[in-house]
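Just passing along the structure, written as structure tokens.
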Amino acid sequence: MNALVHGALYGVVIVLCLLTTVAFGVWFERKFAGRMQSRLGPTRVGPYGLLQSFADIIKLLQKEDIIPADADGSLFTLAPVLAALCALGAAAVVPFSPTVIASDLDIGVVWVLAVGGLMVIPTFAAGWSSNNKFALLGGMRAVAQSVSYGVPLVLAVLVPVILSGTMRISGIVAWQTSHHWVAVWPVIPGLPAFGLYMLAMLAESNRIPFDIPEAESELVAGVTTEYTGAKFSLFYLSEYVHTLVGSAVASALFLGGWDGPFAPGLHWMALKTLTLFALVYWVRWSLLRFRSDQLMDLCWRRLTPLGVALVLASAAWVQFAPGAH
Amino acid sequence: MGYFTDTLRAMRTTLRNVFRPPTTVEFPDVVRPRAERFRASFALIDDENGESACVGCLTCEKICPSQVIKVKASPKRESPVTGKKRAYADDFVLDLSACIQCELCVQVCNNDAIVMVREPEQPAFNREDLVLGMEKLRANGRGKTVAWGRGTGLQEMQESKPKVEKPAKPKPAPVEAAKVETPAEPAKVEAAPAEPAKVESAPAAAPAEAAPEKSDCSAAEEAP
Amino acid sequence: MHPEWISAFTFLAVSALVGGGLLAAAKVLRVRARAKPSELKLRTYECGEEASGNAWIQFHARYYVVALFFVLFDVEAVFLFPWAVAGRSLGLAGFVAVTSFIVVLMLGWLYAMRKDSLRWL
Amino acid sequence: MTSVAFGVVAALTLLTALLVVRVTNLVRATLWLGASLLSTAGIYAMLGASFLAGAQVMLYVGGVVTLMIFGVMTTRRHEGLAAEAESTNTGRATAVSLALFVLLAWAIHGTPGLDVPATNGVGASPEALGRALLVDHVLAFEAASVLLLAAILGAAVIARRRDPGVEVPKPGSRAASMPHAAAEAP
Amino acid sequence: MQSARRGGIDPHLSITHYDPEADLMLLHFGPQHPSTHGVFRMDLHLDGEVVIKATPYLGYLHRGVEKLCEKLTYVQQTPVVDKNDYVSPMTNEQALNMAFEKLMGIEVPRRARWLRLLLAEMQRISSHLLWLGTFTLDLGGALGGGSTVFLHCFREREMVLDLFEDITGARFHYNTHTIGGNRHDLPAGFAAKARAALDGIEARIGEYEDLSVHHAIFVARTRGVGVLDGDLALELGITGPVLRASGVDHDLRRDAPFHAYDEVPVKVSVERGGDCLARAKVRFAELRESIRLCRAALDGMPEGPICGFKPIRQPTQSKATSGQVYVGIETPRGELGTFLVANPDAPTTPYRLKIRAPSLHALSALPYILPGATVSDAVAILGSLDPIMGEVDR
């Protein structure tokens, strides 16, 4: 019963925090991208346009809900809800501080990979149920892409697990607190593994240069082509949440999570997460997009062997490096 | 590795742009300066007597490629102000919704009566608002910043030899209403200072070489 | 059931509320142009043209192969997780066992590479 | 409390499994299979097999269901939501499944040592699992790698075979571009 | 099947030849699609994501300009053809008025010819900038680096449009050319402002290159994509940067000089690749060359009248009763031709006006170079041809 209350309480708090962060994150991204492009970004709603995201949400909720006549209606409606569920659900095991954690599962890392990886199902369901060629192509691309990049993602995540010897995310952070951040030391599996994770995370959350599934210049809007209003906003939201949670996991696994001097752990975790989040958007607005086959080639021919090599390297480190234990 | 370094370079470029001042402005609050020759909506100019300078010669109606000008010319009558006899346009309607802002009507107006306005036209809620009648056009001429181009000015610019760096802005010369006395027939409108700009024959191999079947338009060219 | 799992499932339930709640809110807030949208509005989008045939068509087999490779490498990863946790206590024997496991798998990867099967197009 | 939860999850598993075989559209059936596998993972989690539950979701729901989706999408056309393969042998199928169920239930019931209560994850921790894999069953572990290798080789061979029906043309020069015009010129 | 077996593509064969089971997906790509550059439609037959056959459909933007011009007097036509190639209206006006001048045998004063050269090259800068922006938009999406390049290009294009606005008062549909010369002379202080703008644009080209042609992703997306053979390009009548990217050294500015190009020689850039990357490189080189030409034009601008004829005051004075002429000039997209037949019955209007639009010819390559490409490549290929539907459909 205690666990139930704990889960519900922390669930509500963490989910609300994530959603608020996403709302302001979107504002920040638009402002940042605007300045990159010699524009002003949002300026009208609230001071400096800060409330722009909330206005957008209200606007989207008011929009007419359209389910195409040829679509598979129930699946069409269910898919966005599932997408939001998968994106948010991965945050259950992320430790924001030694105490702020909804569920300190002993297989936390696997939970993140499994729940986050489930995103493919709603994405495909959305693409297929729309009965639209662009949506279907987008859905198939999305599934192929997330499935492929799941492999380097898992391999990258294995590195901190091997180094720390636990799958509990709070355990990994604690190990980094007492040893080194994974991305810092040992440099060789650590730093490349961090990079690999970020790349795979970009691909899993469909961000440029890997935004093949919703490549709007080719596939109009990918899986969300037929979506309007609230359902579209759910997809939009889940993408951002996916990126945010991915950044949080990255800072927990590779950057020492709450570890840092002078300030409370929560602040450090927030700082690292938001920095990575901003980095994702900086990359996003600077790069062009890969083609789907190049994406696959990159994954299978380059990143997968790199990941395997990193896993072997960290195994060797644990085995042979003096003082690794 | 190429991807990596190139990505860093691209990110450096975008970051550099973050610290540049943005190009866009918050429009209704800040308005970018408009060019002196900016052409947007239209106005009918009053002459020095407070009457419309338009004499209803129909030249603009004839030249308009999209046929948005409708002028109702009236026969000559005595001006209530000066007492002289002159021609008037009883009505002048310009449908802005189909106008292509080509400036030809301004160019052909020998009285400098119709000019363009530098303030961009305001969007309208219905089509009727975009149909400018005599009243609106004359109000524009009094209330709004009038553009630089006038018929006589444009004609002078094309025919004389202005210096490059000299202000090409022609003086908005006061209209001599008396000068144009017989406006009813547009074909008979006299070209004002009628100086046939002699073609400077360039030695260049201009592609506009004379076609073998040269028409009699050269006669028309020398006509004035 | 382990209490952490109970918390985790509760968290999932809370996140499900977000999607459901938004859709419910939209039901209240949204504008209805008409009781029944026109037929044109409900038509499938295909760049303004009449959609030619159904979208549910046969896809190329390479998609299948990608999923196959994914499952295989995922199985490998899943085998590695327990070792990753227990690895340091198993000593050199465990290291050798896992290294040979990975090497054997990478032989397969190498073969697929050489046969050009990992190309998407 | 626990048994109520178990009852709910088990019922969910059964219901979704039933839908898998009763739904007439293959894609929907696959998605229902995913739901069924998910609730199975829930049962694992309840039994304290944390890692097994996670692996189930990662491998089966994330991987195998995807594989099946792709299998369905790449094999044949699906005309709308209409029935794909309405079986006429419902009666016989029910009989066979019932018989199978009885057989399995009897076999499980007869196996000694299965009535141990759920361990709450004591014996099924990932550490213990790793130790079991790499110490007690190391041969099986290595054999698994060979099995996976064989599967990869198989996949590689499938991938290499091109669809014979459609030959992907190579964008090329003019010479290759207009053979038809050249051929039909008198 | 026969020709497909031989490894070639025949855009004219029916789809059943490629796919006897008709298992391909027919995708209507356009007219309402974000990257068909207006309202262009191609029907793509897809095997998975690979295009097997592409059929372009034109005419969604047909406005009957040529027919309309038969009803308008000569001077009235300039503002109408402005809207054909709406990305470089200046060159539209020039091609049309040069045809009129040739038909009526009118000499253009030297200053007007230099002015036209300056305007044409400034127009080429703005047109190529817009091309770069939309092309990266096709490659990188409206929600990514593509839109960054796009907006940067628009920022610099604004500088050119500001200059045009200073001269003509309009930003887009200028109506500044007329029979025998130009209507607007350069305003005071124009040269200094123009030089400042050109310097600004030149300084930023390096930034575009960092985000596009010098970036590995851009190269990966464009190299070897949409390869167009030089012979095929010639056979299809393709001109301009697309032809030069296919290794054919052809530029009307140098080969048949008009305006003042005989006095300001042009360095023509040629690439051999024939792919999207080569087209991009050619346009980048032309961008730099145009900036040089603009500077040269500003330096060498002669004094004198800007119009050798005064047709506008009395539109009925510009007339031709017989003869037919063809004038082709090099626009940012290739050879824009105007074919004109005088009307003996109505001397103030043409009997027939035919506009040879370079974009139309570029688009005719699509059925040849699209098969074998993916949907993503199709977007890139279409973008690299730089079609403007206004002049294609007219």
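Going in written order, the chains are labelled A, B, C, D and E, and every chain counts its residues from 1.
Following the convention adopted for this analysis, a residue touches a chain if its C-beta (ideal position, glycine included) is under 8 Å from a C-beta of that chain, and two chains touch if they have at least 3 such contacts.
These numbers come from a predicted model, not from an experiment.
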{"item": "Shortest contact path, chain A to chain E, counted in steps", "value": "1"}
{"item": "Chain whose mean Cα position lies farthest from chain D", "value": "B"}
{"item": "Longest centre-to-centre distance from chain A, chain (CA-based)", "value": "B"}
{"item": "Which of C-E and C-D has more C-beta pairs touching across its chains", "value": "C-D"}
{"item": "Chain B-chain D separation of Cα centroids, rounded to whole Å", "value": "74"}
{"item": "Centre-to-centre distance between chain C and chain A (centres being mean Cα positions), rounded to whole Å", "value": "13"}
{"item": "Whole-Å gap separating chain B and chain C, where each centre is the average of the chain's CA atoms", "value": "63"}
{"item": "Centroid distance [mean C-alpha coordinates] between chain E and chain D, Å", "value": "54"}
{"item": "Residues of chain A whose C-beta touches two or more other chains", "value": "36-39, 105-106, 110-111, 115, 128, 133, 140, 143-144, 147, 150, 167, 220, 285-287, 292-293"}
{"item": "Multi-partner residues of chain B (at least 2 other chains)", "value": "7, 10, 13-14, 17, 23"}
{"item": "Multi-partner residues of chain C (each touching 2 or more other chains)", "value": "5, 9, 46-47, 51, 54-60, 62-63, 66-67, 69-70, 74, 81, 84-87, 98, 102, 105, 109, 118, 121"}
{"item": "Residue ranges of chain D in contact with chain C within the complex", "value": "2, 5, 27, 42, 45-46, 48, 50-51, 55, 58-59, 62-64, 66-67, 69-71, 73-80, 120-121, 126-131, 133-135, 138, 141-142, 144-146, 148-149, 151-153, 155-160, 163"}
{"item": "Residues on chain A engaged by chain E in the complex (per definition of touch)", "value": "33, 36-39, 133, 137, 141, 208-209, 211-212, 215-220, 284-294"}
{"item": "Partner chain C, residues of chain A touching it in the complex", "value": "2-4, 6-8, 10-12, 14-15, 19, 58, 60-71, 77, 80-85, 87-89, 91-93, 102-106, 109-111, 115, 128, 130-136, 140, 143-144, 147-148, 150-151, 154-155, 158, 161-162, 165-167, 220, 225-226, 229-231, 233-234, 237, 292-293, 295-297, 300-301, 304-305, 308, 311-312, 315-316, 318-319, 324-325"}
{"item": "Partner chain B, residues of chain A touching it in the complex", "value": "32, 34-40, 43, 282-283, 285-287"}
{"item": "Touch list for chain D against partner chain A, complex", "value": "1, 27-28, 31, 34, 50-51, 53-55, 57-58, 61-63, 65-66, 69-70, 73, 81, 121, 125-126"}
